[in-house]
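Pasting a structure here, questions to come.
Chain IDs A, B, C, D, E and F follow the sequence of writing; residue 1 opens each chain.
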Amino acid sequence: MVSEGPYTHQASDSAYQFIRAALAAGHEIFRIFFYHDGVNNGTRLTTPPQDDRHIVNRWSELATEHDLDLVLCVAAAQRRGIVDPDEAKRNGKDGDNIAPGFRISGLGQLIEAGIESDRLLVFGD
Amino acid sequence: MVSEGPYTHQASDSAYQFIRAALAAGHEIFRIFFYHDGVNNGTRLTTPPQDDRHIVNRWSELATEHDLDLVLCVAAAQRRGIVDPDEAKRNGKDGDNIAPGFRISGLGQLIEAGIESDRLLVFGD
Amino acid sequence: MSRAKKFMYINRHAPCGTVYAVEGLEVVLIGAAFEQDVCMAFIGDGVFQLQQDQDTADTGMKNFSPAYRALGDYEVNRLYVERESLQERGLTEEDLMPLTWEDEDEDWAEKSSIYIVDQAQLSDLMDEQDIILNF
Amino acid sequence: MSRAKKFMYINRHAPCGTVYAVEGLEVVLIGAAFEQDVCMAFIGDGVFQLQQDQDTADTGMKNFSPAYRALGDYEVNRLYVERESLQERGLTEEDLMPLTWEDEDEDWAEKSSIYIVDQAQLSDLMDEQDIILNF
Amino acid sequence: MLHTVNKSPFESSSLKTCLSLARGDADVLLIEDGVYGALSGSAHTSLVAEALGDVRVYALEPDLKARGLSRDRLIPGIEVVGYDGFVELACANDKIQNWL
Amino acid sequence: MLHTVNKSPFESSSLKTCLSLARGDADVLLIEDGVYGALSGSAHTSLVAEALGDVRVYALEPDLKARGLSRDRLIPGIEVVGYDGFVELACANDKIQNWL
């Protein structure tokens, strides 16, 4: 679970580095669940300075490469303005901003991940 | 200056209540500058629970009512994915998400506000 | 899935100032539907979440504290409050909301959900869990 | 605008863990163009911002600490570091980056920008300011 | 000078830092989670009670009520103000330091 | 059980709370700003040094280097690990408590 937004807190970076190390060691990542401000990891509208890492794109690329399940909590995303095309339609928004490789779903996905996985780690503030 | 995102921290609420009280007492608000995660106050894609306050719309309405200058810092907004139509075009984004009444500009607007105003308050984390 | 896992939700943030308390409570209420073995712990400023008579009207914020009263209905009826954290803050059990649940096995007798525990007891409880989540 | 205002930027956050240090530094560098009277103070974990030899390569994060060396060129040459904060953390001035500026009035002599001050001196300095911003 | 503190003294050093640097003519306003610093009978009560001999300390009433803290729980000598009082304090002081 | 602490002990009570609740067989890993808890000669050194008789304490090397803290500045007995070591600690313990 990732609980903080990109750049604001190191949590997104620590989670990314931990997951890369876990994958390198041959472990399976069942799911990455983004909660609280963590949902801000999943907007494709970011443009960080060119000499800095692109945290959002880095997640999208990692997901493609390793077929990861990146889930943004719907309740947290609604409060913070992260929407996919379905959510945009349901809430009467004129556009969406979700980044490739992410999906929006409910908190049950976090509980399910806790039940199905051997270990659950939280990176946050 | 507002430094934290809506809902995550009370800063947005405190700033709003302070500004309303200051306006009620006849003071002039030169500018409200949103920095750090504060730029997340300016996305029109939020849909908070129906029984909760709508922090973004509340800013937009206050700005209309009192002709306030709501400025999102461009550098902070780029890192966090808040864009207006100009920024979207410049950075090759397929859409924008800025809320009515907000504009994106540089950090100089904060310094200028400090120089031109009698008092500068910061609400943040 | 062989058996129910033991979940402990640890609350360490004060209410109102940040969103962690309310978004943490949302996880507990959603999680209750999964029929796992669930308890909560309140440590540090988290004990302030259970303070009686919270009234957010003048701040314009939503008052979510009544939702704690729903926990009993969701069979979340073990709320462990660290004694040392209460003492450091000058609080006693009387300052906390009286949260209860109805015991089906004893003719729906109303019982308190709040247990004041010391650090050693809390350590033991944490040791029994499968999953610990921090809000 | 009658005269230059006195701006003090107070830094109280450690680097890397949160964005406040780097986004605070961006304000100082932009603000330097406005020809105001600018100084910085480092209190609490803010003193860690000036720690030598920061190397973020293995975290994948951007290393912004070299940017402090540019402050002198922007005529931000009064960096007050609280003595009590250094002591609490077991640090001395030797642990800090040697930040300097060149004094135009003295044939570009290189001078240190870092002043170690105690709480009483820092209180006096804060009292002299027009605008205090906290990062 | 007006100082504001918005963090709980149990979880942050903001209040302690503020009081160590605030001078005799200062106003200190506790807002948001900072109002927990106004509690009597807590581990931080003596820190604030001692400062009250030196500076004036205020607590924001809407934030006290939001957290269920009634006036009789506060350290004697702390004044309770609303958002209007916050605005007045900001005007009465020539500058403001928000400890975040 | 593996405990992680990611906050500076000078600004947060996380490390203190963690050490008060960690039992003898626990591993405690300091990451992000939590690595400042590994500093020798600081106001919190004795807290950690005493805990070292009881629990094992680790610090994440990439986070130490990012903050300019060399190994010779650390409290003796603290082990330094990389992200791979973090993964190993997560596997070696049957559960994880991340103090945030």
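Everything below uses one rule, namely that a residue touches a chain if its C-beta (ideal position, glycine included) is under 8 Å from a C-beta of that chain, and two chains touch if they have at least 3 such contacts.
The model shown is predicted, which means the values in this text are computed figures rather than measured ones.
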item	value
Any chain that touches subunit F and subunit B	A, C, D, E
Chain at maximum distance from subunit C, centres defined as averaged CA atoms	D
Higher-contact pair (C-beta pairs counted), B-D versus C-E	C-E
Distance-maximising chain from subunit A - centres being C-alpha averages	E
Distance from the mean Cα position of subunit E to that of subunit A, given in whole angstrom	38
Centroid distance [mean C-alpha coordinates] between subunit E and subunit D, Å	27
Rounded Å distance between subunit A and subunit B, as computed from the means of their C-alpha atoms	25
Two or more partner chains touched - positions in subunit F	6, 10-11, 13, 32-33, 62-63, 82, 95-96, 98, 100
Where subunit A touches two or more other chains, by residue	7-8, 10, 14, 17, 36, 49, 75, 79, 120, 122, 124-125
Shared interface positions of subunit D, touching two or more other chains	16-19, 44, 59, 61, 131, 134
All touching chain pairs, where touch follows the definition stated at the start	A-B, A-C, A-D, A-F, B-C, B-D, B-E, C-E, C-F, D-E, D-F, E-F
Touch list for subunit B against partner subunit C, complex	7-10, 13-14, 16-17, 49, 51-53, 125
Contact footprint of subunit C on subunit F as seen in their complex	1, 13, 17, 20-23, 95-100
Touch list for subunit F against partner subunit E, complex	10-13
Interface residues, subunit C side, partner subunit E - complex	14-18, 44-45, 48, 51-59, 61, 63, 65, 88-90
Complex contact set, residues of subunit A against subunit B	5-8, 36-37, 40, 43-49, 56, 75, 78-83, 87-88, 91, 93, 95-97
